[in-house]
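Shared chain: chain A. Partners: chain B in the first complex, chain C in the second.
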Partner chain A sequence: MSTVATSQIKLTPERSRPSVRSRLQDALPKIVLAPSFAITIVFVYGFILWTIYLSFTNSKTFPSYVITGSRAYQRLWGWTFDTDPPSSWYTSITNMGIFGFLYILICLALGLFLAILLDQKIRGEGVLRPIYLYPMALSFIVTGVAWKWFLDPGLGLEQTLHQWGWTSFHFDWIKNKDFVIYTVVIAGVWQASGFIMAMFLAGLRGIDGEIMKAAQIDGATTFQLYRRIVIPLLRPIFLSAFIVLAHLAIKSYDLVVALTSGGPGGSAWLPSNFMYEYTFKRNEMAVGSASAVIMLMTIVAIIVPYLYSELREKPR
Partner chain B sequence: MSAVATPARQASSGMSTKTLNRIVIYGLLALFALFYLMPLFVMLVTSFKTMDEIQNGNMLALPKAPTFDPWLKAWGETCVGLTCAGIKGYFWNSIKMVVPAVLISTMLGALNGYVLTKWRFRGATLVFGLMLFACFIPFQSVLLPMATILGSVGRFGVTLQNSVGTSFGLGNSTVNLVFVHVVYGIGFTTLFFRNYYEAFPTELIKAAQVDGASFFQIFRRIMLPNSMPIFVVTVIYQFTNIWNDFLFASAYAGTGDAMPMTVALNNVVNTSTGVVEYNVNMAAAMIAALPTLIVYVVAGRYFVRGLMAGAVKG
Partner chain C sequence: MLRKLLIGTALATSFAFSAHAADVKEVQMLHWWTSGGEAAALNVLKGDLAKEGYAWKDVPVAGGGGDAAMTALKAMVAAGNYPTASQMLGYTVLDYAAAGVMGDLTETAKKEGWDKSVPAALQKFSVYEGKWVAAPVNVHSVNWLWINKAVMDKIGGTEPKTFDDFIALLDKAKAAGVIPLALGGQNWQEATMFDSVVLSTGGPEFYKKAFNDLDDASLKSDTMKKSFDNLAKLVTYVDPNFSGRDWNLATAMVIKGDALVQVMGDWAKGEFHAAKKTPGTDFLCYRFPGTDGSVIYNSDMFGMFNVPDDRKAAQVALATATLSKSFQSAFNVVKGSVPARTDVPDTDFDACGKKGIADLKKANDGGTLFGSLAQGYGAPPAVANAYKDVVSKFVHGQIKTSDEAVTELVKAIDDAK
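== the complex of A and B ==
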């Protein structure tokens, strides 16, 4: 891709000595970009290094800068697997696994399903789409108030169904330490699946109608059409949606706070909640930092290959 | 399963399956619409009910005698922690934080996008990649250092206050949050503008350069007048994100008078003195949701475009 900058470079070196003014003009774009870049380097990458450093100290209430080795990590991992009841970190990563897996899977399935339904020349699509998507525009701190109420056995769904005459109905997951994480899954799916639907719908709209027509003429049933032709064509969307969901899942924080306040005995914690609690409430800064580093590494493993492939100079 | 696939040669029996298919599809779509709308609906109707009606009635029923009192109470009287002056102050806190943060981060994003596409230099892609990655980090990995820095800046502000008489806003929680949101927002805003300007004809800029237009003249006269759609997308995206933020807000303004709306709401809901007034809680939640909800209703299309731009390379 030819750009303005390159054409300028070609012009300038031939001249004897460019004036200060024109040299300033040439550097101006970089000067304009510099503050943002510097901010990113210091406040993102510098701070990440700082957090990594802290995770190797024994900082408690206040940061300490004496390296004491990987004690925080050893505590995180050593602490955990055998204790009964399980430790907070063990709970957090188990929850992360359950939540991440179900959240991504259900959002993908539901998003694709809704997108396919909406793509059948539906009247009122313009009304339905925004309804499916609005949860993404609201803070979960807000909608969590309603969800918490809805899932509360004494007030919400259970109570309503009892009033309607189904008195044996029992639904107290939100108060049950073994099931509370599944309520977080329900709420998370509710929030993000509409967005995933929109991604798939955009993908479906981008598929060449000729291919569909040709397949129909060949006698493919609708099911075959979607399974054999449409869904394979949507592969790039699956990848993007997976990346978005994985990264949302790891960053989920207010979902747990608003819905469960951490759940009974911290049983709904995700690593993000663990980090916050240990760093700011339990005065275990080094342990909190170590958990933040582990979260970051997980994201890096998912995002960096993706960004690299997206940004790599494509031959034109 | 769908109308598209029913070949025309299937005669009358085909017509009836076709109709049945349509009914099933519309039924499913309506069912899911109810699922997505349910929490908002419950919030809305409950916020207009009296406590009596909530305790004895059905949560899905419409209010029998709609009352606006819960809204008034949430706005002006309800307790956030120990202060009982409603959430109005916190609402304005959020406004004071969101407006400058959105404007600054959007302007910076526009300039960055302009430089990164139209004034490319060696390493521009790397610079962009580094800024882009910043969008994806879990903020937990920068939370603590930022808290430390903001703490020192705050102490410096106090020193200034004592010696010079003004702290220049240093240590002010709202200023801190504006700063934090700008820092961790420019990755997104730069991404939006870069992708938009990438498709902008470079010939126009070349022509302007030949005519002697400077860097800023080109930006002001050529780029800005043609950037309206992406400005709308970016402003809406940033507005929604910053208004809805909870993590930074609770870490850096979790107590005191400067807390933004989301933190205050969470406190209202979790204040457990006396009877829990669900109607007031729901009204408070609705008030907190209104700004983003209005933006979504008015300009939802642009909001979705912003979300998509963050996910798929535009």
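== the complex of A and C ==
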């Protein structure tokens, strides 16, 4: 089609028309991309810079544009070591550590395990797969509220088991300041592990059957097969799954609010909750901005090595 | 090109102005009163204004505490698109006034005599540097006990007059196998209860010094320590499942008779009304023991913005209607609060409302009307939230002793100041 078009153009005597047209064709992708590019520049990168700027001012209720130094960061730094009683910031970052680590680890392990089970050419896979995948279609708010009811000792699991006669059963993590963050992990894992399973399943389907057969002929046990061959071959999937989970973990805000409304004494806070509280409820915009900048740094610390390794591998 | 654009804009705006030279017969109102009872209460005002020929342009932003509404307001004001008025709380009014975006209703205030009828403690928030910038709609008070009468009769209890009486009453309920105290373990509910505990333990002078003036010596004092000890005592009467519970669920426990008493602001009365309960026969309202004669308040206000001249007439009409005696009575009967002016007749109110009005008047005359720190009327939001943190951490055990609580309170408040 395109060769016909160009040959027709070459037949026409006027020289200026094709050049306009081809110039337009060259520019078309740029023109189409320009609005979204401009929007991204302003609303993502522009506001990142603005937030960084605000974190060095003394902004309270409204933004103030007079740079007053790094007091917001100094306060955050001070709070980082306030462990007894724990400051809100200390609680937030330790929770981030616990939640991020367990959430990513359990999602990866569970996702891989489910994918391997589903990959055994079982009957009814078409029914099972969407069942596992479905939680991902729910918003965090729905997940949070449903799990809040389920885990509430006076309402959900504990109450039901008591009614069935198992009266010694006790599960009050959601009301316990030391364990409430683990309930956030439970709800988060429930939501995301199905999606991770789907990613791994796609990876497993992409593995060449010949390699497996060769290994079996060599006398490898099933365990060896998965440990030495399948899992190493899934490395790129692990990486993408990790990136997806890491950013989900860092931006989790709604789950904590819906599930625990902050937890007893604010013990379920994550840095995002801290940021919202300080910026919008406590009118300490500078401190809120500073905490947002630190969250950004955390994400950058994860994403940059990933991008670096991705971009380096391409030319090979 | 730029010049053409500028001329164009100038022309357009001048046209816009000439088109609007006549007064705009419309009030634009930002608020978060979207639930059934509250919306009904606001409809009274809508009707009053319609009678005077003003259309009502509703800008509701749902979300109980008003956080979402305040974020929306921030955006509107930053864009220079002021609403005629917005529902606002305490220090927010002063913040916006300091930013210079509030209007001036002093003339109307003089004409209507607001200076005399609105309690002085409220004027701290509705008047900024001598100018009236907001119209208070109601006065809520937080030092109330809400008691289920059937349970009270069953355990043979009487009105507790002192904190020790109260503990004895709670013990009776415990012995009878009822949950003595219904509490929602969210920081604002715990802190709201603590407001009353401090007033009861230290008396009015102490409350004012510590929670309105933020006096260091009072915050550090043994009286404050004792207040924390008293709070710890109260918390032992709470059911183990209290943490994170919403306030209206705690009220429901009292309504159903699962629990004896809740310490909560008078908005709890709305829940009793919704359940078709009458004061005196189904439930009882007492002042928190040891706080009779004093009122810890918070108040909803309509902040009035500095709107263009052609909208000022509508704004004045809105403010006048808001503080009219008929609206103050009609609105507050529905809302459960008491009128924001002390000269409104109490004929339409129920027994609790009548007591609330009388108490407010007495507190205003005696100088014992204090802003609630938990509700953001004692100190700016940064301090109020730091206070809620400490109280909540104490209730839930992150802070273990009252000594530690006092140290933390002083530190947190200093840090937030």
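In this text, the second predicted complex is superposed on the first by the 274 of 316 C-alpha atoms of A that agree within 3 Å, B and C clash if a C-alpha of one lies under 4 Å from a C-alpha of the other, contacts with A are read in each partner's own complex, and residues count from 1 in each chain.
Heads up, the rule we're going with is that a residue touches a chain if its C-beta (ideal position, glycine included) is under 8 Å from a C-beta of that chain, and two chains touch if they have at least 3 such contacts.
Predicted model, so just to flag it, every value in this text is computed and none were measured.
Colleague: Using the superposition on chain A, decide if chain B and chain C clash or fit.
Modeller: Overlaying the two complexes on chain A (C-alpha atoms) leaves chain C and chain B clashing.
Colleague: Looking at the overlay, does A:280 come into contact with chain B only (first), chain C only (second), both, or neither?
Modeller: Both: A:280 reaches chain B and chain C.
Colleague: Have a look at where A:93 lands relative to chain B and chain C in the superposition and call it first, second, both or neither.
Modeller: The answer is neither, since A:93 touches no partner chain.
Colleague: I want to verify the contact counts: of chain B and chain C, which reaches more residues of chain A?
Modeller: Answer, by number of touched residues of chain A: B.
Colleague: Could you look at A:261 and tell me whether it touches chain B, chain C, both or neither (first, second, both, neither)?
Modeller: Both partners.
Colleague: Thinking of the overlay built on chain A, is A:154 touched by chain B (first), by chain C (second), by both, or by neither?
Modeller: In the superposition, A:154 contacts chain C only.
Colleague: Looking at A:75, would you say it contacts chain B, chain C, both, or neither? Reply first, second, both or neither.
Modeller: second
Colleague: A:177 in the overlay: touching chain B, chain C, both, or neither? Say first, second, both or neither.
Modeller: In the superposition, A:177 contacts chain C only.
Colleague: After superposing on chain A, which of these stretches of chain C ends up overlapping chain B: 78-86, 132-140, 312-320 or 348-356?
Modeller: So the stretch of chain C that bumps into chain B is 78-86.
Colleague: Which residues of chain A are in contact with chain B in one complex and with chain C in the other?
Modeller: 261, 280
Colleague: Okay, in this complex, where on chain A does chain C touch?
Modeller: Touching chain C from chain A are residues 60-62, 75, 85-86, 88, 152-154, 172, 174-175, 177, 260-267, 277, 280-284.
Colleague: Under the stated contact criterion, what part of chain B meets chain A in this complex?
Modeller: Residues 1-5, 7, 25-26, 28-29, 32-33, 35-40, 42-43, 46, 58-60, 108, 111-112, 115-121, 125, 127-134, 136-148, 183-184, 186-187, 190, 202, 205-206, 209, 214-216, 240, 243-247, 251, 262, 265-266, 269-270, 278, 281-282, 285-286, 288-289, 292-293, 295-297, 300, 303-304, 307-308, 310-313 of chain B touch chain A in their complex.
Colleague: Using the touch definition up top, name the residues of chain A that touch chain B in the complex.
Modeller: Listed in rising order, the residues are 1-7, 25, 28-30, 32-33, 35-37, 39-41, 43-48, 50-51, 54, 63, 114, 117-118, 120-122, 128, 130-143, 145-150, 155-156, 159-160, 163, 190, 194-195, 198-199, 202, 212, 216, 220-223, 225, 237, 240-241, 243-244, 247, 250-251, 253-254, 257-258, 261, 271-272, 275-276, 279-280, 285, 288-289, 291-293, 295-296, 299, 303-304, 307-308, 310-311, 313.
Colleague: Provide the residue numbers of chain C that touch chain A in the complex, in ascending order.
Modeller: Per the stated touch rule, the residues are 67, 70-71, 74, 78, 92, 95, 99, 185-187, 240-244, 380-382, 385-386, 389, 392-393, 395-400, 404, 408, 415-416.
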